[in-house]
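Here come two complexes built around subunit A, the first alongside subunit B, the second alongside subunit C.
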Partner chain A sequence: MSSTLALPESGAAVQARSARLTPWQAWGLILIVPYMLIFLLFVVYPVGYGFWIARHPHSYVQLVEDPIFVRSAINTLMFLVVGINIKMMIALMLSGFFVQARGWIKWLSVIFILPWAVPSIPTILSVRFMLNPEWGLVNSLIFRLTGEDGPNWLNDPTIALSMAIAVHIWKSLPFWTLILIAGRLAIPADLYESASVDGATNMQKFRYVTWPSLRTLYLTSTILSMIWTLGDFNSVYLLTGGGPADMTHVLATLGIRYLRLDQVDMSMAAIVCALPFVLPLVYFMMKRLAK
Partner chain B sequence: MASVAIRDVRKSFGATAVIHGVDVAIRDGEFVVLVGPSGCGKSTLLRMIAGLENITSGEISIGNRVVNNLPPKERDIAMVFQNYALYPHMTVGANMGFSLKLRGAPKEEIDSGVQRAADILGLGPYLDRFPRQLSGGQRQRVAMGRAIVRDPQVFLFDEPLSNLDAKLRVAMRTEIKELHQRLKTTTVYVTHDQIEAMTMADKIVVMHDGIVEQIGTPLDLYDKPANQFVAGFIGSPSMNFLKGKVKANGSIGFEGPNGVKLPLKAAPANSDGRPAVYGIRPEHFTIADDGAEAEIVVVEPTGSETQVFARIGGEEIVAVFRERHQFKPGDKVRLKPDPTLVHLFDEATGKRLND
Partner chain C sequence: MRLPSLRAVGTEAKLLLIGIPVLIWTMLPLYHMFLFSISPKDSAFSGKLWPDHPTLHNFEVVLKQQHYYLSHFWLQLWNSLLIAVATGVFTLLIATFAAFAISRLRVKCGRLVMNLALFTYFIPAAFLAVPMYRTMGSYGLLNSQWALTLAMVTIATPYSIWVLKQSSDQLPVELDEAAIMDGASPMQLFWLVYIPLMAPALVAVGTYALLLAWNEYLYAFLLLSKDTSVTLPVGLGNFLAADDSPWELLMTTGLIYALPPAAIYYTFKRYMVSGLTAGAVKS
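Moving on, here comes the complex of A and B:
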């Protein structure tokens, strides 16, 4: 059917059209040109330039031989697999709390949104100060209450990376909670009432009503959060700066590290190495959204 | 099956009282319809019976059990919701068997229960489909099937037909009534549609502003409405109301608007000169030489009957005739209310005055 419909468009018709545009088509072109220019200038050119810089195979050999790179790749994976999933699970639970229609919960939710709304640099830096092992707020409190010295928060690679993940969760949890609240609010209330009449417990209501309705949103959010987090530079760079001893870098901060060492090709190569993480996620995500 | 007793039930949301002391006794196996305009409290009352809404004061019992503090699942009721509330991710069969599954019933019992309900409602071919693949009427039927599977003491229906088109609504009306005649389960049915109430109910409870205006059989309410609200609510087109005075001395009658004389069979005691409202249903007019003079305004033939809008004493009334009169707008005719079918209401309180 479509082929027969398409027939008159081919051949002579197309030639006539290419010779002279209708005003409708001309306007279409004019309106699309600014976007195309911006896309070429700010997307195609920088990305292409990045690939060009990172074109030498020896950059990659050097990169893989750098233990910091391997550590960063593992850290990135931890960030994605552990951090994001913990975050989304907490967001799922909190969204269930915040959808309750009580006055004080509404007010609480406003306060809860704050970490997401405030700018990253001052807030993450203040967390860094709070975690200072000698004069930070946290260890001062621990010392005052127990008489013991607190842990060396940002000087132990495992604790430091955990703290970076914690800061990331703290900062972006409100956003994902909000998304899941919106998802929960879209579930008709009478489904829950019907489940009550059918004899469902709260757990069963979650299992048979909430989760089936939220599942798609939850998975899509998780993937999207992973894609965004791959580029999350702030939580790590501002909190640990990649330290101690470059043990807490992720791929996003590693690029900057090489840049500061004047190794532009390595920097670009590090970012190119993030592509195997990103591309499958983007592909999977687009497939889900296309459904 | 069980009886349901509602005793002095009240409901407030914060400081706003929405139900002000309602008493209804529902016999075992009875089909009771709660009817009234939007906001009258009928759905709230139903939800209180279901346990989806707390009871502020008073008592509701199902069977011999006071259920005030029981959660819905322990009340042994099944409810059909206005929007059907089918679980979108479950097949029709799973939807219908869900309550049995939650109860931990063995698979054979669930299957046979679902099959039985599917047979009753003709849903057999659809058991593996999802709700989104069904039409509105089929979804409605699945919602009923879900209720039937549970074999509850009481069925509760919350405006179940309001999302269906007019033709399907009439068909489903009959189907629900047939179902009730077959299963004989006590049923409480909420609707704002008085025709649904009239056609389906054994007993109608007319509610208005959180109180019960009248309880009775459909024909009771039609023949002897207890007040002007019920008189106006039941019957379509609505009853005509004409304000005026009762004439009890000499020739009994009613002096309508602008002195128009209207017939009355008997006047209530000591009512001469009493201001009152004269109620007459559109279908209770005849054309007669001794009728009141009326000017035709609009004529609406529907085929089976003709609705005639006319003015008597300057007030607009509607009359319905089975015969095909050839009226034209502007024609003068004499319309005579049937004096044995006249309703008199107190002008201030709206209470019925005659027997």
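Moving on, here comes the complex of A and C:
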């Protein structure tokens, strides 16, 4: 009934649309204007401005010759390749832990979300104080337990960067674990039951049931996490400030460093250099989500 | 009879072997913050896991603004609240309008707008920070709280539109048809049918935008600079300017600043988890 009614009406709607806007289309355009304004004023214009600032070839020459830029690029890669993969693997394991039906695990999962729920500024500063070589809690404990001085955590570029990665993991691990828990809960329980009947070990259950179902989600999460981590300014800036000797900068903090030094062209050039790596990831994500 | 129970104990022990490190890892920075906030100044650095004389003195100092770094505590807290609420409200309005136009009114350029929004969502916000700073400068908005609000709305809307469009697409088509039959105008459909049905998703998106703005540090310190106009995280960052900063006060302020978002998160967890995590990565 409704389909026979709808058919001639939609035909009429097409005719009307070719003549003039229907009220529905007109309202649609009006309602979309606020977002388009925001987009034009605060995305298109800044991005265009950014490219315009970064138009001089000599900015790029200067950039490549700057050892701090090279170091930042390596640091960013370490952050993405090592940090993200460790984080996602831990998240995958923990998601298996948190789906166990136990009262205390349910309570633990509520606490486990805290790092994601609280703002990162105070917690990163808390870690920064904890790692202070003279007064910090960590070195005090090391001294009391072993009688020796602990490492100078944030004064060694490698340790400092590792700590920044650890802070990043601390903050975002709960989110990705939550995502993978949702993925695991979506796997039909009878798959596991029939695997048990066939005498599969836990390892085999993971290999043949869990992993095939989670694979796509895991890959998507990893790529999305990489894109987001590129913009992780707080973990590095608030923990190490880029130090010691500007050795722990990542691309997100480098831009601000150049801005402080009044070298905005370098700041923009650094971001333009990152685009060939970022845009394929963005393209991949858009293909996946824009369905 | 004893064997299975032994095995169960073994499994439980294995689970505890994961659970206890997870608990310590999660709580350590947070407990450390709490520890500082209840420690008197001289014993904060003793490296003890519980102070000899726990005190609420730090909270008193912060709430009464009795320190140089804290002379604008209440004002900065208010700024944070104002900007977070404004961001939440504007994001909700703009994103709901857009999602309604794209999903229900099927506006012609809807697909293009959705793709532009998604693209913006995937550009790391830190990449946009410097050009945004210069842009706000050329609009003459620097040091105005509008600059931060608008920047946060810009960052929050793309994802909000996407989440709202996803849940909006799940509403039955018959809804619009029935509304048209009854002679409803698009705006009547929007306010009387669409908004009430979308309420859970709207809560999720509003909370997301609110927390995003409350937690923001990078844009806040770039776009605002006056002590009286900055938000609380910038005030916290300013503690780092000096080596002899009062850490116990910084941690106390940080704790106060961290409580509202945590409370909001746990209150709306139901909506957040279904609306955001399920939507963030659909497989």
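Keep this in mind: the second predicted complex is superposed on the first by the 266 of 291 C-alpha atoms of A that agree within 3 Å, B and C clash if a C-alpha of one lies under 4 Å from a C-alpha of the other, contacts with A are read in each partner's own complex, and residues count from 1 in each chain.
Here, contacts are C-beta pairs under 8 Å (C-beta built on N, C-alpha and C of every residue); 3 or more make two chains touch, one makes a residue touch a chain.
Remember, it's a predicted structure, so these values are computed and weren't measured experimentally.
Trainee: Looking at the overlay on subunit A, is there a clash between subunit B and subunit C, or do the two fit?
Mentor: In the superposition, subunit B and subunit C stay clear of each other.
Trainee: Is A:Tyr208 touching anything from subunit B or subunit C once the two structures are fitted on A? First, second, both or neither.
Mentor: In the superposition, A:Tyr208 contacts subunit B only.
Trainee: Going by the touch definition up top, name the partner, subunit B or subunit C, that contacts more of subunit A.
Mentor: Counted on subunit A, the partner with more touching residues turns out to be C.
Trainee: Could you tell me if A:Gly199 is touching subunit B, subunit C, both of them or neither one (first, second, both, neither)?
Mentor: The first partner, subunit B, only.
Trainee: Is A:Gly242 contacted by the first partner subunit B, the second partner subunit C, both or neither?
Mentor: Neither partner.
Trainee: Under the stated touch criterion, which partner chain does A:Gly83 make contact with: subunit B (first), subunit C (second), both, or neither?
Mentor: After superposition on chain A, A:Gly83 lies in contact with neither partner.
Trainee: Should A:Pro188 be classified as contacting the first partner (subunit B), the second (subunit C), both, or neither?
Mentor: first
Trainee: To be precise, I mean the smallest distance between any C-alpha of subunit B and any C-alpha of subunit C in the superposed model; what is it in Å?
Mentor: Checking C-alpha atoms only, subunit B sits 7 Å from subunit C at its nearest point.
Trainee: Both subunit B and subunit C touch subunit A; at which residues?
Mentor: Overlap of subunit B and subunit C footprints on subunit A: empty.
Trainee: If you look only at subunit B, which of its residues touch subunit A in the complex?
Mentor: 50-52, 71-73, 77-79, 81-83, 85, 87-90, 98-99, 102-103, 146, 150
Trainee: Applying the document's contact rule, which stretches of subunit C touch subunit A when the two form their complex?
Mentor: Contacts found on subunit C: 15, 18-19, 22-23, 25-30, 32-33, 35-36, 45-47, 93-95, 97-98, 100-102, 105-110, 113-120, 122-135, 138-139, 150-151, 153-154, 157, 161-162, 174, 177, 185-187, 190, 214-215, 217-218, 222, 233, 236-237, 239-240, 247, 250-251, 253-255, 257-258, 261-262, 265-266, 269, 273, 277-278, 280-283.
Trainee: Going by the contact rule set out above, which residues of subunit A touch subunit C in the complex?
Mentor: That would be residues 2, 6, 23-25, 27-29, 31-32, 34-36, 38-39, 41-43, 45-47, 49-50, 53, 94, 97, 100, 102, 104-105, 108, 110-123, 125-127, 129-130, 135-137, 139-141, 143-144, 170, 174-175, 178-179, 182-183, 216-217, 220-221, 224, 227-228, 230-234, 237-238, 241, 251-253, 255-256, 259, 264, 267-268, 271, 274, 278, 281-282, 285-286, 289-290 of subunit A.
Trainee: Along subunit A, where are the residues that touch subunit B in the complex?
Mentor: The touching residues are 188, 190-191, 193-200, 204, 208-209, 212-213.
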